[in-house]
Amino acid sequence: MTGFVELRDVRLTYGGKADGTLALDGLSMSVKKGEFAAVVGPSGCGKSTLMKLATGLINPQSGTVEVANKEVSGPVSIAGMAFQNPSMLPWRTTLENVMLPLEIVQPHRSRLKSEKKAYIEKAESLLELVGLKGFGDKFPWQLSGGMQQRANLCRALVHDPALLMLDEPFGALDAFTREELWQVMRDLHGEKQFTVVLVTHDLREAVYLADRVFVMSARPGKMINERHVEFARPRPIDLTYEAAFNDIVHELRGQIADARAAA
Amino acid sequence: MTGFVELRDVRLTYGGKADGTLALDGLSMSVKKGEFAAVVGPSGCGKSTLMKLATGLINPQSGTVEVANKEVSGPVSIAGMAFQNPSMLPWRTTLENVMLPLEIVQPHRSRLKSEKKAYIEKAESLLELVGLKGFGDKFPWQLSGGMQQRANLCRALVHDPALLMLDEPFGALDAFTREELWQVMRDLHGEKQFTVVLVTHDLREAVYLADRVFVMSARPGKMINERHVEFARPRPIDLTYEAAFNDIVHELRGQIADARAAA
Amino acid sequence: DIKFTLDWKFEGPAAPFFIALDKGYFADEGLNVTIDTGAGSRESIPRVATGTYQMGFGDINALIKLMDEQPDLGVKAVMMAYERPPFAVIGRKSLGITDDPKSLEGKKLGAPPPDAAFGQWPAFAQEAGLDTSTITIENVGFPVREPMLAQGKVDAIFGYSFSSVLNLKAQGIADDEIVTLLMAENGLDMYGNVVMVNTAFAEENPDAVKGFIKALVKGYLEAIADPAAAIPFVLEHNEVLDKDLETARLEMAIDGSIATPAAKANGFGGVDMDKLAKSMDFLKISMGVSDTPPAPEKVFDPSYLPPAEERMIK
Amino acid sequence: MTNERWIKAAPWLWSIGLFVVWEAAVHIFEFPVYILPAPSDIWGAIVKYWSPIWKNSLQTMFTTLLGFLLAVVGGLALGLAIGWSRAIYAGLYPLMIGFNSVPKVAVVPILVIWFGIGTVPAVITAFLIAFFPIVVNVATGLATIEPEMEDVLRALGAKKMDIMLKVGIPRSMPYFFGSLKVAITLAFVGSVISETVAANSGIGHMMLSAQSQFNVPLVWAGLFALAVLGIVMYAIMAWLEMRMTGWAHRSGNRP
Amino acid sequence: MTNERWIKAAPWLWSIGLFVVWEAAVHIFEFPVYILPAPSDIWGAIVKYWSPIWKNSLQTMFTTLLGFLLAVVGGLALGLAIGWSRAIYAGLYPLMIGFNSVPKVAVVPILVIWFGIGTVPAVITAFLIAFFPIVVNVATGLATIEPEMEDVLRALGAKKMDIMLKVGIPRSMPYFFGSLKVAITLAFVGSVISETVAANSGIGHMMLSAQSQFNVPLVWAGLFALAVLGIVMYAIMAWLEMRMTGWAHRSGNRP
């Protein structure tokens, strides 16, 4: 059996063939169902591109992309995606933004009318979970950068997707808020067993959350390493102070340094 | 003599008085000329608001803001600002975006025509410094998130401002690119002796770069601590592995934890 | 039910229609008539031809032209209203225009191309023996026609006597300064506006058409007898009208076009088929009617008119 | 604060200023009334003919609004259709542009032959003239949507229809409302044009009657009534715009 | 690829389809030519009167373009002025709207009396009718700028003028070009209207002459010429738009 998210020998060029930017070349990766995968790599190496490929927002020039054992040719509907840039819709309040997926994705879509109240409660409890209680009726441009990012995360989670794609979801947060959200993610993953692909620059974040960490080369990006992280779950936050943990972080750090140097 | 950037007992509410968001209350801070100041604090505490106040983009409800010993009532023209959200102008290429301040700020403005070539070279060398060589003629939406952030930094630097306001300029960068840019900032600051106010969530970044670190409380934000960092300059990057350094980081970490808990 | 389209807005010359309507003459004939404004004495022809309106008021010359082109056009004239058309060239004495058409030579004339009076210009010029090469024609639209003459930017204009003359007066041109060259008085012996009917409708409802005309003739005779008393019927339908002005207009229409010597002699509403046939010769010159124009009998059908004694102008 | 007051007063000041200059010009250059009546003449006509002006205004207002509503519905629908499908865009657009370069006066007689004179052709003319700016602006709005916003929905596997509803339409609302402001004034022009050709009532009819009465001040009073109606309708549109697209007008209330 | 071809062919297919339906309708319902001539009749008129159509088209084209250029300059300037100052906005806007609700036919006579007949009033009418959509759209574009973009410049201590030049104008270009597409077709309408009232040449004059000759196919040939001119000008505007605001049309070339 192949993985839940499966990219094989993918190549992607932005723009024209001749003067375009070759973003990914010969990239392969495979994430199993229920697995928590993290992707790390230097800036501009093609991580966001990878995320868009896996959700079918763009199609590769060559190679194949499969999600849930189906070849992806257009956007998939089982994913929840948190874009790197929060891109909230400015005409909707934060709560309405968070509830957007419910208006699109089945079965919520057909239930939304009849169970409006329950859904609103759900969205509000998610907002509370990330520390945005009371900001639901503010417009996204009335939130700070970090708050927008948290709302963005809620939007990715609200419809209980089977596949969660998170593109640097905690980049604009302070260390404490971030660690809190790590634990939120850990618990949610433990509870709902969805598959997660997380792009991050924070190696501690990657190691703490992921079952497997993929390391990408500089552009044109491809996978240069895969590191299993075998700490038992649920992982206490104190794990991050343990030596075994920091060893892995350092190991990954070395690999990225090599990747950058090679470029 | 008062500081170069001086906020006294500042209070700011967004929106209407009644149902508005109180972002800052009773905030005071003072940054000396040539000093490198860092501001840290929990997400949504009002850091970006503070930056906008100091550059005169918004005016406080009460309290005073002074820059270069002049009370600020409208935008100041001696600052270079890197916004948290890169907000590049989409109709300009990256190079044109970076050169925007030169078209506005004197004396470059009047020289731009005659010395076009020199200025383009300067902008391009800045882009190269942050690792964006060859991307000058790309449009901002053709850059990755981290690349946009670096271009944003170049735009803040290009006109040699006397005051540099950086709002989480390295948030979307991987650890190595980030450390490289730390050193770039360190060298530039050593060379040109401008005054810097840096907002960051990365305490190591704050301690490594700054002469003084300001710690803010949760919203409504005010200063709850000021920490001098007295390491000699220029600071080698290895400093970040030393115990004295990590002690300061831990100390600040504790303060932020307290600030969050208090809220 | 009859939907009737006038040639123009509700003004003095429309008084007979409203007398017939408001005094119940149409109702007496068992007819339910609605009267709508028109947009020119040509526009009403297609409105009737297509059956959008069963009957209408329009220019017989334009009707001949259209029938010439389109022999199966479903319209025929059934009652003559303007025994002489009000087509005129109007000039100013001080600009050198006199009662003699020859005085137009070497002058600048203003004309809106769709103007029916201007439409007869070639025939008029030929009839009067004018050298047209010395005359410049300027295209001036309806709204600026009289002002241009008043300002002396043109020396004379084409128009209906009872509208252009009054308009000039309203612009402060003295009565004796205005020269009206009625084409009909200068050799152009032709007809003007008629009541038309859609042929299919007339075939199916001959009595309705007859009744309509009977009622309308009554209206006309009353208006001719006492123009001043006729005007209030129009005012009913158009609040912005000026009573004196409309009275003057109606009087001019009656004197110049309706109660002409021929109408007084032979009764209102009928035609002289010879004159009609002859007028087609003018149309050949002015409107490019072909050499085989429609038969006068096809154009005008007198069979719906009441007997002549009921149509005599007192 | 006083600044605020000035701005509140500005429309009145400018209007009054215009009228004063106009009145003065008429007196100084001694324009005859049939060229340019003075505002005082027009005012006289308004007072004198208040009742017909009022009645005819109501009629024109009614036809205009009806035509405008049709134009809003039709223009929005067509604009969305054009933004939706490149085939529709490519096929329908040129025809529509061609049609729109044609003065609507030329179309009115045809309408009259089909529908008789009166309200129907006026409504249709108002519709025909007003729907084009709406189509163009909505289509432009759709064409300039940032792909990032669409991606938010595409990533959820949303159908094209959903993207249209949730992003396309709201994002092009500023364009849409911008066009409404143009369309409503054009709708007035359309119904008045039609009324001058084919109607027994309405401002257009009244103006033409007045013209053949050589009652120039009344013609101008009609124009004035149109202007006032236009301003009122515009203000309503602008108010609606602020309510519906306040999110896009954020910079307005900046210091 | 074949899809692409279809889209290329679409305008022609639709146009041909329209003409076929039209021709068929005329024959089936036996519309007389003075109501609705068949395309074949119109085509006959075009061939027969090719030379006057061509010459008059040139004249109309010339006046339209002149008026349109004036409208672009004036509309852009006024739109920017309105976006610039709230006092100008508050004062001038209502007057402009009022003026714009007035059919331009009513204004032509005054122009003719002042400037004589011919090119000048036609140019002015084209200008008057075309500049309003530009003003409205530019002002709307300026009003909906994201404050974040303005802040980039404000933080540099930029003057209002600079912000206008560097952010205001580029950001409202999509709106501006959207309005140009409306304005150019309106400019045609304007110059034709003026030509029908007062001109010795131009399509409007030709159509009116044809009408008084009962030459309905030639009238329609004139309308057709207008439509073609409109489409050509529109295409040029659309091409310009793509060149100037390609950055805003990014989603167009998405899969």
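When the chains are written out, they are named A, B, C, D and E in that same order, and each has its own residue count from 1.
Convention: a residue touches a chain if its C-beta (ideal position, glycine included) is under 8 Å from a C-beta of that chain, and two chains touch if they have at least 3 such contacts.
Protein names from UniProt, one per chain: A, B = ABC transporter ATP-binding protein; D, E = ABC transporter permease.
Small disclaimer: the values here were computed from a predicted structure and weren't measured.
Between chain D and chain E, the least number of touching-chain steps is 1.
Taking each chain's centre as the mean of its CA atoms, C is the chain most distant from chain B.
Comparing the CA-atom centres of all chains against that of chain A, the greatest distance is found for C. Our note on geometry: chain B versus chain C, Cα centroid distance of 85 Å, whole angstroms.
With centres taken as mean Cα positions, chain E sits 49 Å from chain B.
Chain C and chain E have centres, each the mean of its CA atoms, that are 39 Å apart. Shared interface positions of chain A, i.e. residues touching 2 or more other chains, are given as 85, 141. Looking at chain C, residues 46, 50, 143, 147 sit in touch with two or more other chains.
Chain contacts: chain D has residues 35, 113, 148, 196, 245, 248, 250 touching two or more partner chains. Residue ranges of chain B in contact with chain E, taken from their complex: 52, 55, 57, 75-81, 83, 85, 87, 89-92, 100-101, 103-105, 139, 141, 159, 165.
Those residues of chain D lying in contact with chain C across their complex are 32, 34-35, 49, 51-52, 55, 109, 112-118, 196-200, 205-206, 208-215, 218. The touching residues of chain A, counted against chain B in their complex, run 14-15, 21, 40-44, 46-48, 84-85, 131, 138, 142-147, 150, 168, 171-178, 201, 203, 253, 256-257, 260.
Partner chain D is touched in their complex by these residues of chain E: 6-8, 10-11, 13-15, 18, 35-36, 86-87, 90-95, 97-106, 110, 113, 132-133, 136-137, 140-141, 143-147, 150, 174-175, 177-179, 181-182, 185, 188-189, 192-193, 196, 204, 207, 219, 223, 226-231, 233-234, 245, 248-252, 254.
Taken in their complex, chain E has these residues touching chain B: 148-149, 151-158, 162, 166-167, 170-171, 173, 245, 247-248, 250.
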